[in-house]
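Listed next: structures, encoded as structure tokens.
Two complexes come next, and they have one chain in common, chain A, joined by chain B in the first and chain C in the second.
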Partner chain A sequence: MAGDQDMFDAVVMADERFHGEGYLEGYEEGSSLGIIEGRRHGTLHGAKVGSEIGCYQGFAFAWRGLLHGCTTERDSKKMKVLEALIGMIQKFPYDDPTYDKLHEDLDRIRGKFKQLCSLLNVQPDFKISAEGSGLSF
Partner chain B sequence: MKDSLVLLSRILAHPDSRCWFLAWNPAGTLLASCGGDRSVRIWGREGDSWVCRSVLCEGHQRTVRKVAWSPCGNYLASASFDATTCIWKKNEDDFECVTTLEGHENEVKSVAWAPSGNLLATCSRDKSVWVWEVDEEDEYECVSVLNSHTQDVKHVVWHPSQELLASASYDDTVKLYREEEDDWVCCATLEGHESTVWSLAFDPSGQRLASCSDDRTVRIWRQYLPGNEQGVACSGSEASWKCVCTLSGFHSRTIYDVAWCQLTGALATACGDDAIRVFEEDPGSDPQQPTFSLTAHVPQAHSQDVNCVAWNPKERGLLASCSDDGELAFWKYQPSEGI
Partner chain C sequence: MSWVQAASLVQGPEEDGDVFDEEADESLLVQREWQSHMQRRVKEGYRDGIDAGKAVTLQQGFNQGYKEGAEVIINYGQLRGTLSALLSWCHLHDDSSALVSKINNLLDAVGQCEDYVLRHLRSVTSQPHVVDLLDSLQDMDLSHVAPAEEKIDEAKDERFCENNAEFNKNCSKNLSQVDCSSLECCRAQEHERPENPSLTWILEQTASLVKQLGVSIDILQHLKQL
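Moving on to the complex of A and B:
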């Protein structure tokens, strides 16, 4: 009797069992594919942020050199904003993507860069190209 | 109630175009209007009627969205969809563009002068608010670029007596900013509206801020300083703002503008249902939970959306309004007794 029940049980529950097994298989495959995709996305995104900030830093270092030795009051204001930007960039925690103020600090850096450009009277016109050889923000 | 707000005159200020905004000069003698026709017009009174004294049409390549007079009345700023803000200097009836402020990435939505006259704020669809400083030689310098909002910033306004700036955005919030150690920071975010906040107005004392929204409500926010008697929590030495009143159920469409009369305390609104409404605080209402009553309602004030309402700063009860239909209208507000 017990044997009969098991046999029917196996047949009746087969559908559900296959669903379950399929789900687990799919879930595992999805998870590992997801991790690969996530890693790729993270790398790309991290590279974008890195290149944006790197660009601001290069820009700031170049201008610091250009303004070196200028002594007018207007120039000292520019230097102050320049140094503030460099300071923010150097304080940015590059190795902690879970830093809770990441976006806030990034926005502050972008704002400071815009202000600097306004004071220097330069138009930032970095453009992105599909291959990623340019930069666009 | 229908006699409380009476039409004085109507002018087709920006023909075949929208009239977007109006601003009275500090003396209350001139009204600046701006529109989709890319021009700014200055209106002055001649007897009982208003005439166009100047047209400033060479300044912008696209719609002029807002105009603002400097506290001294000698300068006018115009904010445009062409991403620039022009500063015009008044010389009798002539206006000369003395500077063009650039930097925003796209449409500038609003411009406002601080009461000190030394600071100017602009905001844009690029989600940022810029603070500019002007010196005695009319040189403008950007002192801060604030990226606090997450969407299009629609309006900026300065506190009447403190160096405190407020902004309203498509992200449903109002943000406040002040200067802290040589830089400007966002010191408060007011949440509560359920949709785009279109405009802001401080009350005469500066203790309260009115905001109007696409969610068809007007909210009144009150400032609470640290150590306040009402026990409202503040973080550190920062003031906090609490919503003390919500006017809902009065407007059937988006409210595009709100204006708080500095002389009488009356609150006027400009609505997408073509109507103008005026509210007054009920006498004796609790300052921590004020109540406002509708004292005037003109249903067909204009034939299209009303974009702006502006109280004359010197003449009690004189209200100007403008609309998508290109018209500018003048109203006399006289609340009847016993409301």
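Moving on to the complex of A and C:
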């Protein structure tokens, strides 16, 4: 009887052992795959945000330079909105996907940009990349 | 598991000749069932392991990729935004359409560069870290009774980090060797620098454009980091 018990133990142990060996191999592979797959998705999403934010930023910086030295009242209103937009962008952690106010801040920045464009009397003609930056007017 | 060892030692006779040797036939059958069951267990374990491992690192990978994608592509976004500002300036001041079409060409070029870089960033990370299950299964000696090697240890984690660092190194190495000759904007251009030649060309064209518009070159200051 003791012999039979040993035999059953051996069978169960073998069963778990083989499952376990497969599991360890799989876990290693899965960890590696998870990083790779995660990075692929993350890169795409990060690039979308970076592209859009960068676009607003470049636009704002360039216009700040173009308006340099302009002194009309309308121009000073433009500058005010410009500086506000630049400030908002600079505070925005564009490379942090875990930022809790990501969408909120992004929407505020988009709104400020639209306000700037209407003040400048500009129809922005952004060449949107294939991925799309969400800009459409 | 001495009976397993005993079973595996049994030399099964050729199929044609074992019709009357029931005992050998039965133990061969048992052996095969055992092997097939254990192979199934290994495969199940492997699948379970993959799911578990993936769940742990997916978010981590996403965060890494997100940061990298944003940091690399934001520069192209800034260039596009700058060119768009110049374009809108041209429209407002009713400048010649030659400049307008030039700016549009540059915008297209930046878009192409951006797409190329993004595709490259994503493709570099899709080369899998290969563990060949089938080889492992074949290597797995089913009468093997010695304890399995201690596989999960810190050295493994370090290897993941090294591999990631290698991916990053390869990525920036590949980016710096980007051959943009397939891009339309580059066809007429010589490669002045090995790193991203079309971007250099675009920046130079933008600078000359600014001069042509009679605007201070200072407005391009924010692009210095490119």
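Some notes on this structure:
Methods note: the second predicted complex is superposed on the first by the 92 of 137 C-alpha atoms of A that agree within 3 Å, B and C clash if a C-alpha of one lies under 4 Å from a C-alpha of the other, contacts with A are read in each partner's own complex, and residues count from 1 in each chain.
FYI, a contact is a pair of C-beta atoms (placed from the backbone, for glycine too) under 8 Å apart; a residue touches a chain by one contact, two chains touch by 3 or more.
None of the values given here were measured: they were computed from a predicted structure.
Once the two complexes are laid over each other on the shared chain, residue contacts for A:10 go to chain C alone; chain B is not touched. In the overlay built on the shared chain, the residue A:56 is in contact with chain C alone; chain B does not reach it. In the superposed pair of complexes, A:95 makes contact with chain C only, with no contact to chain B.
When both complexes are overlaid on chain A, the residue A:107 reaches chain B alone and has no touch with chain C.
More chain A residues lie in contact with C than with the other chain of the pair chain B and chain C. Judged by the touch definition given at the top, the superposed model places A:87 against neither chain B nor chain C.
When both complexes are overlaid on chain A, the residue A:119 reaches chain B alone and has no touch with chain C. Taken together, the two structures place no residue of chain A in contact with chain B in one case and with chain C in the other. Across the complex, chain A meets chain B through its residues 77, 80, 84, 107-108, 110-112, 114-115, 117-119. By the touch criterion stated above, chain B contacts chain A in their complex at residues 102-103, 128, 141-148, 182-183.
Taken in their complex, chain A has these residues touching chain C: 7, 10, 14-15, 17-66, 68, 94-98, 120-131, 133. Interface of chain C with chain A (complex): residues 1, 3-4, 37-38, 41-89, 91-92, 104, 107-108, 110-111, 114-115, 118, 121-122, 125-129, 131, 133, 136, 140, 148, 151-152, 156, 160, 163-164, 167, 215-216, 218-223.
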